[in-house]
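Here it is, the structure in full.
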Amino acid sequence: MMLDNLAVAQVVAPLAAAPACLLPWRRVAWLLATTCSGFSFACALVLLGAALDGGVVVSEIGGWPAPFGIEYRIDLANALVLTIVSGISTIVLVTAFASLDGEIEPGRQPLFYSVWLLCLSGLLGMAATADAFNFFVFLEISSLSSYALIAMGRDRRALTAAFQYLVMGTIGATFILIAVAFLYLSTGTLNMADMAERLPSVSGSRTVASAFAFLTVGIGLKMAMFPLHQWLPNAYAFAPGAVSAFLAATATKVAVYGLVRFVFSVFGVDYSFGSMPLPLVLAALAAAAVLVASTVAIYQENLKRMLAYSSVAQIGYMLLGISLASPAGVAAAMAHVFNHALIKGALFLSLGCLAWRYRSSVGAELAGAGRAMPFTCGAFVVGALSLVGVPLTAGFASKWLLLSAAFQAGWWPLAVVVVIGSLLAAIYMWRALEVLYRRPASPAPVREAPLVLLVPTWVLALANVYFGFATEYSVGVAEAAAAWLFVATP
Amino acid sequence: MKEFLLHYHYWVVVFLMMTGLYAVVASGNLLKKVVGLNVFQASVFMLYISLGVVDGGAVPILRPEVTVYSNPLPHVLILTAIVVGVATTSLALALVVRIKEAYGTVEEDDIHRRDEAE
Amino acid sequence: MSILEVVSGVLMLAGALFVLTGSVGLLRLPDALTQVHAVGITDTLGVGLIILGLAIRAGPTLLALKLLLILAILVLTTPTTSHAIARAVSRYRSRPWKDGQGRAP
Amino acid sequence: MTDLVLAALFVMMIMTALAAIRLTDLFAVVIMFSIYSLLAASMFVVMDAVDVALTEAAVDAGIATILMLATLVLTDRWERPSARLRMVPLAVVCLTGAVLLYGTLDMPIFGDASSPANTHLATYYLTESPGEVGLPNVVTSVLASYRAYDTLGEVAVIFTAGVGVLALLGAARSGRGGAAPMRDNPVPRVIAKIMIPLIILFALYVQLHGDFGPGGGFQAGVIFAAAIILYAIVFGVDAAAQVIPPAGLKVMMTGGVLLFAGTGFVTMALGGAFLDYDVLVRDPLAGQHLGIVLVELGIGITVAAVVISVFLAFAGRRRAR
């Protein structure tokens, strides 16, 4: 009784608090947003605990039983995603009050927090729902609010980036809508579990095959799957710093989760990987993403843009794991969803600290920051090491898992791709660190970032180290979640 | 031929959808892209509604004298989708206005040129 | 066939004819002002006649009342629209079309 | 007969859609889109979807068109014909279309009463909703009760758009909209004075009658907003801002969402699930009815406030040079 209310409350609380943030006092709005996000995080932890005990929390919204009403279904896989999303949101929000000051004028800040909460609610709703159409609705909440958040950046290119994202995102969402129409047409239901039950009887249908294609491409657009990633670099590069940190760590991850959910829990492993050419297509696109995006990242002058391209490459790793179609591969993907959120959160936050002092994130202008802001740059170094995958960091844990899954499946070329990708990551991160530490500092004295920014940044940086050896909480949960996904498939 | 008669509704709708999508991806003018998105979405709405049509069915408002009704569920879904669509449109149009103010143009090529000139 | 049905049929047919005339005018007349002139008058009358015909066919029911309401609103709004268009044209275009000028661009 | 009407509508839709993508006069493009939406609305009537038709006509043919025209005023009227190669987009579109056509091959024929879509859930809603919810309009029952949570999401989406537009364009400030554009034009002023009360009356009817006939919160909100927008167009943005000040609009936007979500929290506090109206009153059917009325009211208020403030934000902005 308590738990199923919590499952709904964690999504609805930010949604209902969002209008209240329109009050004209920005401190109140910030406090409300942070508290609310923290509440969702607490709920997510409780739900994760329940899911770890082997339970599935089912919440029938409106009191209507499953296929007739909308239900929330929290199992290990989405409890993990819920925890990441609300956790990162809370940490980034703590920094937002200070970091926003240079980026958004005070009068618009309450609007910012309101949209942020809506975005959080949308992402959580996408992860929690067990209804295909409800997934679309919450996807649109999160998308619409992220367009608005990105457009609030100072640079005018933030506007064009938001518009491009809006166009591609809406095409993606409409593709998902088409897919849901075809699935509904073939099965007569919108509930995922009910759909999964009815799909095998129509598995030869060309309508279902077409739905599968549209769903993959639609979600692919939202998660910036390799050739569909054009919106991402500019969006992350020109958004306000807090937004980049939040979206980079969570938005694409929820889309990855959505793909996993549909592929495994709705269509089923046999259909997705047997009847459809998904493994080959995904593996090829993922390998291309890792290699191409990492190479492009090397040539970026703007560090935020470099991290954005790196995100495209990292999504490639997750897709590699999924394309293996084995419990080990999916576990690697889920673990990387978790670890990459920590990595990118730490990196973007420390970059945010730098941008807060230097008013820029272009490499040349940050020369010598390593000496001026040692703690900030220290966090950046930790994040960089984790991104490259140095042992004893979180990034290493998931890459190791991915490598062993690739060997286990006998797909050794994929293992080679992972290794080359890590080397490329080492190159672009080295270029960034070289600028920070080895170039002469600018004559203007720059002080260390304030504690409100520094502490949350270091919390994430230390999490990278902690989850590097305490892997039972990240990799362990991911493995259990993957096993659950394979067991629960019809 | 038989195939055509049975499915022509869907095919016309598909054609309309693709007309809208073409305007989105091929047009360089931002406002026209928005119009294209709207045509695309409105056509998807028609796809949904045509799924729920029942031969000889009536409007799904229950009355004692009627026994066969059309399917109400697609109607509900599309009501939601229409509102989502207009929300997206208004945000897109606001962005277009701001882009015009910041760049002095709403043509994609010009915007790229001005960004690169910076 | 009762007299009322015949009357309603005639009314609807006449209405359709008026709408057709207006549409031909829209296509054939040379500039915006003359086009508004064609459509503005025939549309109000044509659509009005069609609605009247439908109302007669509906008989003394709630439906007929609704149709008459629609008619009342149309009688108010259609001429206003024509007026607004004509006014906008006269404000933004230089001068109206004169005989023997050929079609306006 | 229905087939003939459908075919005629389809032909007209194809023509307007093609015109919309071929024309370079964006004013004409927007009007073509408006006609397209109106044709789609007619199509929905033919296909028995009256609620959807009402919404499509009010939202896409009405509000979306007005917003596009407002954007046109602030930007350029003519599209520059571009010399870009159009082959790649064409290929993408053809591929997408091919996959869609492939998908239609196994679809049940149009109007098939025994297709999966028309049997499983649909039958349940049509047969059980009178006993469980008790409203004649099944669309309203599903929208506001069975799938009320989707509807809450939808209100959140429209609220997001409202806040997003406010963040991008800023609220309309008085004194920026300029004088009434139609001060010296008596005809629209007189007609507007007659029409605006009628439109508001109609909005209230649509709001309150949604349980029994086509209509509901969305449609009513949009129609109400249309009345205010008409007022702003004829009497000036400043005058409209005096009738409904921006602060009031913000309160309405907020209040609607809170009313909807609050109803859910109340049912939760009363021991039911979120949005389970059965627990509101002792009699479940009365509870359902009360819940639906509250929720529809929340929708109507938020939609009206958002649409009005979005329009005022556009109209209160000056053209950039």
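Per-chain numbering from 1; labels A, B, C and D assigned in written order.
By our rule, contacts are C-beta pairs under 8 Å (C-beta built on N, C-alpha and C of every residue); 3 or more make two chains touch, one makes a residue touch a chain.
For clarity, every value in this text was computed on a predicted model and none was experimentally measured.
Set against one another, C-D and A-B show the most C-beta pairs in contact at A-B.
Inter-chain spacing, taken between the CA centroids of subunit A and subunit B, is 28 Å.
Inter-chain centre distance (subunit A to subunit C, centres taken as mean C-alpha positions): 57 Å. Averaging C-alpha coordinates per chain places the centre of subunit B 13 Å away from that of subunit D.
Within subunit A, the positions touching two or more other chains are listed as 133, 137, 140, 144, 147-148, 151, 178, 184-185, 190. Across the assembly, subunit B contributes residues 21, 51, 73-74, 77, 80, 84, 87-88, 91, 95-96, 98 that each touch 2 or more other chains.
Contacting chain pairs (ordered by label): A-B, A-D, B-D, C-D. Chain contact summary for the complex, subunit B toward subunit D: residues 3, 6-7, 9-12, 14-23, 25-29, 31-32, 34-36, 38-39, 42-43, 45-46, 49-63, 68-80, 82-91, 93-98, 100-101, 104-107, 109. Residues 99-100, 102-108, 115-122, 124-125, 145-150, 152-154, 156-157, 159-161, 163-164, 166-168, 250, 253-255, 257-258, 261-262, 264-265, 268, 272-278 of subunit D are the ones touching subunit A in the complex.
Within the complex formed with subunit D, the residues of subunit C that make contact are 73, 76-77, 80, 83-84, 87.
Against subunit B, the residues of subunit A that register as touching in their complex are 133, 136-137, 140, 144, 147-148, 151, 156-157, 159-160, 162-163, 166-167, 170-171, 174, 177-178, 181, 184-185, 190. Remark: subunit A residues 4-5, 8-9, 12, 15-16, 18-20, 22, 59-64, 67-70, 108, 111-112, 114-115, 118, 121-122, 125, 133-134, 137-138, 140-141, 144-145, 147-148, 151-152, 178, 182, 184-190, 198, 202, 205-207, 209-211, 213-214 touch subunit D in the complex.
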